[in-house]
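Here the structure comes first, spelled out in structure tokens, and everything after it is commentary.
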Amino acid sequence: MTNTQLSLVQIDNYGPWTVTPEPRREMDLQTLQSRLFADLAQFVGSRNGYVFFTRFDNMVAVTNGLDDADHELLQDSIGNRYPVTISLGVGVDPSPIEALESGTAGLQTAGSAQDGDRREVLSGSTLSDAERAGEDVQIAHFDVNDATGKYTDRLNEFDSFIQIEQGYATLMRYLREEDDALSFFVGGDNIISVCPAMTEGDYRDAIRHVSEEAGVELKVGVGTGATAHDAGFAAKHALEVCREDGTDVEFDRPHAELAD
Amino acid sequence: MTNTQLSLVQIDNYGPWTVTPEPRREMDLQTLQSRLFADLAQFVGSRNGYVFFTRFDNMVAVTNGLDDADHELLQDSIGNRYPVTISLGVGVDPSPIEALESGTAGLQTAGSAQDGDRREVLSGSTLSDAERAGEDVQIAHFDVNDATGKYTDRLNEFDSFIQIEQGYATLMRYLREEDDALSFFVGGDNIISVCPAMTEGDYRDAIRHVSEEAGVELKVGVGTGATAHDAGFAAKHALEVCREDGTDVEFDRPHAELAD
Amino acid sequence: MTNTQLSLVQIDNYGPWTVTPEPRREMDLQTLQSRLFADLAQFVGSRNGYVFFTRFDNMVAVTNGLDDADHELLQDSIGNRYPVTISLGVGVDPSPIEALESGTAGLQTAGSAQDGDRREVLSGSTLSDAERAGEDVQIAHFDVNDATGKYTDRLNEFDSFIQIEQGYATLMRYLREEDDALSFFVGGDNIISVCPAMTEGDYRDAIRHVSEEAGVELKVGVGTGATAHDAGFAAKHALEVCREDGTDVEFDRPHAELAD
Amino acid sequence: MTNTQLSLVQIDNYGPWTVTPEPRREMDLQTLQSRLFADLAQFVGSRNGYVFFTRFDNMVAVTNGLDDADHELLQDSIGNRYPVTISLGVGVDPSPIEALESGTAGLQTAGSAQDGDRREVLSGSTLSDAERAGEDVQIAHFDVNDATGKYTDRLNEFDSFIQIEQGYATLMRYLREEDDALSFFVGGDNIISVCPAMTEGDYRDAIRHVSEEAGVELKVGVGTGATAHDAGFAAKHALEVCREDGTDVEFDRPHAELAD
């Protein structure tokens, strides 16, 4: 059984800041957002977590392995180096969507995202070492079959992007509704999903649904581990097996082992 | 009439690089991608252009005002500082999608995006000063009505994101098909579209379509200028007028003026 | 007694790379160097170490608290994101200069800094948890008395800089020769020294020497801890006491305690 | 004759900010400083200027080719993305030190560097296109003869650094006093000097002085151009000629040409 620790990262009062005293240059905002995300990716990633940019003013991190002190340090360090501050809401649950629900609720209870007085909230609590296990995180790494040959080398870039984007929009909704999994576009033709303990059949259903509804053909490698990096790295290797063997769904370990 | 100069930015042979000799850590890839985008945003943005991250391995820039030497310098500077190189394909057309079609074709003709020998291509040519005009770029800046109150402060972050994302997926497809405009999610609840000379009616139709199909309520500020920044900054101010007056569509200048 | 763990960070074969195939743009090299340093500062700093830019192609880090796996991860992550790679040589000793001697020797034994085949060496070994103690690191944080009033607001910037620089050049040489301490300019009018267990008299002698030889008046806060951050943060607070009380040398704790 | 345009970049009220409300983490400050410098290096460098980090809270830029609007844009963009703001003082003079004196005076007149109310000052004015010429900037690029063989591969890193540093401290003072030139350490064994129109004899005298006083053997390539990059790139190529031919001083063009 999975036990995902998710941390919602929310820039405090960001919308109003972007237009105060008048609208700021768009490319400066884009730079700020993407660099903030990159810094989170390095901090969380070098501690074996994952972070996804989502809406940039709100980002979702898988933080199994990071403790309360890590969260405080991250918050402090961002506050020292950026013109904005961040609030962090942590939640833990076998179901990723429930974990995020809990992390989000912690911030919502403290005030609105656009409340100028609500700054650097840190809510929720992290897993102790004793509570952690080697199957806490399941990561699925999807990509599109032959995206370069079918899209990138053939269509104009926007029409290629539309194909990938519609595939993503379909998958994200399906996995959210059917499996309580959270799916994030991570660039290129790649989508990474934070999943509960799902079966091969569950993944086959998702791939079939995206094919039928959006006409986009996916394959997926699935990994399980104590952290997002452990699970995600195993998923990447499983995806390489798909590429080599021409298969659609590969797990990093037998189901029997997962069921233990 | 608009005359948009678009530059496709494509990381050379990126997919294979990410898994050679074995898959690289996902958070390092995310860091690399988002910092590369940030550097492009600063280079292009400080010359009054816009760049959108799209799929990160392929990015789309509005480069009216940047000449061939600027493109060469950008390519050179990225090559000096990153483990990857970029190719650039430039296209110009009254229709944004045609401009991108042309820019993309320049790179496709030179070889596949995953051809290891095709590096640092620079194709197409930029507008001369004599060819440029004050109405070359039309930018529409959309946002979601009361996204904080309806979504961020009420739903969990992923369900908020699904709403925004489905609104975006619907708008991007509609504007592409109906108006040859290119729409990009830029964070928060913001979408920026690079448009041909569209009318107020065209924008109202788009907003109505997104409301009906995805249930997401948008408003839009529209600006026109010689560069993406000029047009986009005017669009931001027009969007502020929407916010203050409770209107759905605002232009930065009367239509009569645009028709000149 | 201190027990400093120092890691030499050396960019592999950097000199030749900067002029291959022809000299690269200077500002791109400066950007690369300073961002690489910033990334090291975040990685090492968020694990409570310190890193100093020194010559940029060779940097010195105080890494008490970082283990072998941290060093490997750092090396791997830099290799994934930069066009250059780094080698790391670790040394541990009560004397900082001996620790660095040992760390440097590890790399020198493996080959020349400009040997194109010597890449990503990791030599030496880190302290185990059992070997670590609360007095392992002593940090002295110096600044110049009234640098703003005497220099910045009065002289042109280069002449201000000459004053600070000559003060630094004098201090670095003196502390190296007299005390085996390593001193680094860290911006503004600040110098941070990594020291063995030195006494108040040792610091007074150093300040007097710099005053007599370079005409620059310093004060210093000294801190001791298990990590560079613990020691350095205590040193900063001690320096604040100097500022408030008008004193020249302040320790974070009584000598008797240090002698335990 | 040279005509150097120098811009002093000063972080507003930085010292007090670093200790408010209490001292900030040193590695966060180091990160902030080096990233701010990197951003300046990209902005100024991609417009063919040079910037030197000097004391980090005060930096010196050679900005021939950048106009007032460029300076305003830079100031605005930094203010949008950092927790600190910058003031800029521009000066122009055949003598680099006089240009910097003038640029510094502009800021000093406006208030103290630690005056909390003095923010985002922009003083002085830039050269018009009509005033600019192809010999406005002279750059000398020094390096140390066989630094890798004599120091890096033989001494511990701090003792190597001391050699380089003492050579630099000697050169910077000599060229300032004898020639009104400004010299900056730029990493490795490299020093870049912004010079008035100096002769081969002047450079030989400087090299001899550093050899005699600090025991460090230098060579130098000298370039002249309309911008720092033009001059500096020519200097790098001239330095390559020194390396190949074993000479000490090389100019990019005959003196007769410079005297025209």
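Letters A, B, C and D mark the chains as written, and numbering starts fresh at 1 in each.
The criterion applied here is as follows: a contact is a pair of C-beta atoms (placed from the backbone, for glycine too) under 8 Å apart; a residue touches a chain by one contact, two chains touch by 3 or more.
Nothing here was measured: the structure is a model prediction, and the numbers come from that model.
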item	value
Chain pair, C-D or B-C, that carries the greater number of C-beta contacts	C-D
Relative to chain B, chain with the most remote C-alpha centre	C
Centre-of-Cα separation between chain D and chain B, whole angstrom	37
Length of the line joining the C-alpha centres of chain C and chain D, rounded to whole Å	23
For chain B paired with chain C, centre-to-centre distance based on mean C-alpha positions, whole Å	44
Multi-partner residues of chain C (at least 2 other chains)	25, 28-29, 31, 35, 42, 46, 77
Residue ranges of chain C in contact with chain B within the complex	24-25, 28-29, 31-32, 35, 76-77, 80-83
Touching residues on chain D, where the partner in the complex is chain C	8, 10, 14-15, 18-19, 22-23, 25-31, 33-35, 37-38, 41-42, 44-46, 49-51, 53-58, 60, 97, 100-101, 103-105, 108, 112-114, 148, 152-162, 164-166, 169, 172-173, 176, 182, 186-189, 192, 229, 232-233, 236-237, 240
Footprint of chain D on chain B - complex, ascending	39, 42-43, 46, 73-74, 77
